[in-house]
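Below, subunit A partners subunit B and then partners subunit C, in two separate complexes.
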Partner chain A sequence: MNAANVALERVTQVPGVRGSLLISATDGLVVAERLMEGIDGRAIAALAANLLQRLDRAAVGAGVQSPTFVHLRGNAGSVLAAPGSNELVLVALVGLDANLGLARIEMLDAVGRLA
Partner chain B sequence: MTDDIRALTAQLADEPSSLAFLELGEALRRRGQLEAAYKVARGGLGRYPGLADAHDLMARILGDQGDLAGAFDAWVEALRFDPMRIGALKGIAFLYFRAGDVPSAVEHLQRAAEIDPDDQSVSQALARVRNGSGIAASSALQSEDAGMLSPSPAEVEPAPAETSAVSTMEFLTLENGDRGLMLVDGTGLRLTGTLRSPRNEDVGDRVAAELAGVSKEAARTSRLLGLGSWQAIAVESPEGNLYMMAPTPETVLLTIRDPSLPMARLGLVAERAAKDARAWLERHG
Partner chain C sequence: MRSLEPWVLRPLQTFLDESSARLILLMTTSGQVVAQHGFTRSFEVMTAAALGSAIVASTEELARIMGAPRFGALVHGGNHQSCMLSAFGTPRGRWIGLVVFGPETSVGIVQLFFDQMVEQLVGAAPREQPAPPVLAENFEQELHSSLKELFGR
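What follows is the complex of A and B.
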């Protein structure tokens, strides 16, 4: 199992995580994915990349560095994203019951190992 | 009614003499159910008139209701029973600051700092009050509220509903070493608030322009991924954490704080600010 799949495996083992994927931050394409059946990884990748680019511009505009972790919370679940240093972003789709603290730690650790 | 409020209500009903009223009153206050919170706190104070926590709770509720004179009195009572209560010292300092009595505000913050020298929110508030940047940070909000800057908090009339939300927003900017609090409309224009970079530059308009796109992208992402409507976006960065909420479908509220403030607590701060922003929009919309 390569490093990307190990990272995805760790994240998806967190309770409440429906799937995770590694995407390219620049073009929003899927590099690797581990998703529950019926979840469209391409859509997640494209949407997450777009959102991150906008958030990055907002953060830079505010005079702070690029985001290290992002949490978009909806009323039925969340998207978590941990940008890495190599234009890759680790993204997870989680339910309302997810352990967000653990998911965050695992994602930051995993994306750090991918650098 | 949320599960925690339901559980606390049941607990208090089963055991009226318990201290569950403190938690229940605070939970109701945080949800904006101020009248219910007030009744709970008043009931608790009836049973425990010498409990500093109960007076502290009452002060926060009265402050949210805009009754600044009542809040002041309640915090004074809290200090009478617990002279080391930092929350009460900070609350009174804020009221003095609002009233234009900076020396008294500094005196109370200094007392708080002596009690807990490691409390960063106190040292940061002290620095801001001393150098006047607290005033500058919230000048946009204060200018709409100049009538409340009376000489003494004891003379402050109970604030009308119009000023209570603004006072909370000012309080938020004074507290916790903030970088800013800004409300933006759907076209990316700043409605109110201030945003400063770590180098103290006003970056509000530039960030406001970006936020319109962020809100639309968040709504699209949330909808297409089956997450329902977007509630919040938390962004961590080494130099500052950002928290975005939509007080109304057409607006975005951005709160930025130093990374030392835990993100979950920043979320609570932002939720409270969003409630205030809704009230502000109702008045100015």
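What follows is the complex of A and C.
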């Protein structure tokens, strides 16, 4: 199993995580994914990368550091994103019942190991 | 935005709004322009349509030689502008989309909303018989008529 798949495996093992993806930050394309059936990874990759780019620009404009972790909360769950240092972003889709703290720790650790 | 077919306008406008693409050109595989947004001169449109249809023909032939299915899309990434070329089927025949976009968006976003636009075009296309192919004898007249429609002059 390569490093990308190891990272995805670790994140998806966290209770409540419905899937995870490794995406290209600049292109918004899927590099690797581990998702439940029926989830459109391509759309998540494109929109998550776009969101991160805009957040990054907003942070730079505000004179603060780029975000190291993003939590986008919705009514039925959340999208978590951890940008890496190599133009890759680890994204996870989690349900309302997910252990967000553990998911965050695993994602930051996994994305750090990918660098 | 200009289109020879009015039902193309809404899907095209939605695509432009969602993707933040700078230019788009929809054409048939023979290079006949169906709709365009962002081009200011008819010469540019004619050149882009001719080059775009030729590139798609080349890549499809390359895929055939390799024994592979058709390529989904061809993306040329640049520092300031990128370009995506993608052919797709419609009830009116096979069309090609040429999209130019900048760093304000991404190839993922452009591809995502392009695919949605294709679905909308397929759904919106009238099912009646397509227009007869342009004959050699009235080709020039048809070309001028199309360009006049596309540029409003």
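Quick note on the criterion: the second predicted complex is superposed on the first by the 115 of 115 C-alpha atoms of A that agree within 3 Å, B and C clash if a C-alpha of one lies under 4 Å from a C-alpha of the other, contacts with A are read in each partner's own complex, and residues count from 1 in each chain.
Following the convention adopted for this analysis, a residue touches a chain if its C-beta (ideal position, glycine included) is under 8 Å from a C-beta of that chain, and two chains touch if they have at least 3 such contacts.
Bear in mind that the values here come from a model prediction, so they are computed numbers and not experimental data.
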Clash or fit (per the criteria above) of subunit B with subunit C on subunit A: fit
When both partners are placed on the shared chain, which of subunit B and subunit C touches more of subunit A: B
Which of subunit B and subunit C A:47 touches, first, second, both or neither: both
Partner chain in contact with A:26 - subunit B first, subunit C second, else both or neither: second
Touched partner set for A:65, first subunit B, second subunit C, both or neither: first
Which superposed partner A:105 touches (first subunit B, second subunit C, both, neither): neither
First (subunit B), second (subunit C), both or neither touched by A:36: neither
Three-chain overlay, closest Cα atoms of subunit B and subunit C, distance in Å: 10
Residues on subunit A lying within both footprints (that of subunit B and that of subunit C): 43, 47, 50
Contacting residues of subunit C [partner subunit A, same complex]: 77, 105-109, 111-112
In the complex, subunit B residues that touch subunit A: 179, 195-199, 201, 203, 206-207, 209-211, 213-214, 217-218, 220-222, 224-240, 242, 254, 256
Touch list for subunit A against partner subunit B, complex: 43-44, 47-48, 50-51, 54-55, 57-59, 61-79, 93
Touching residues on subunit A, where the partner in the complex is subunit C: 23-24, 26-29, 42-43, 45-47, 49-50, 53
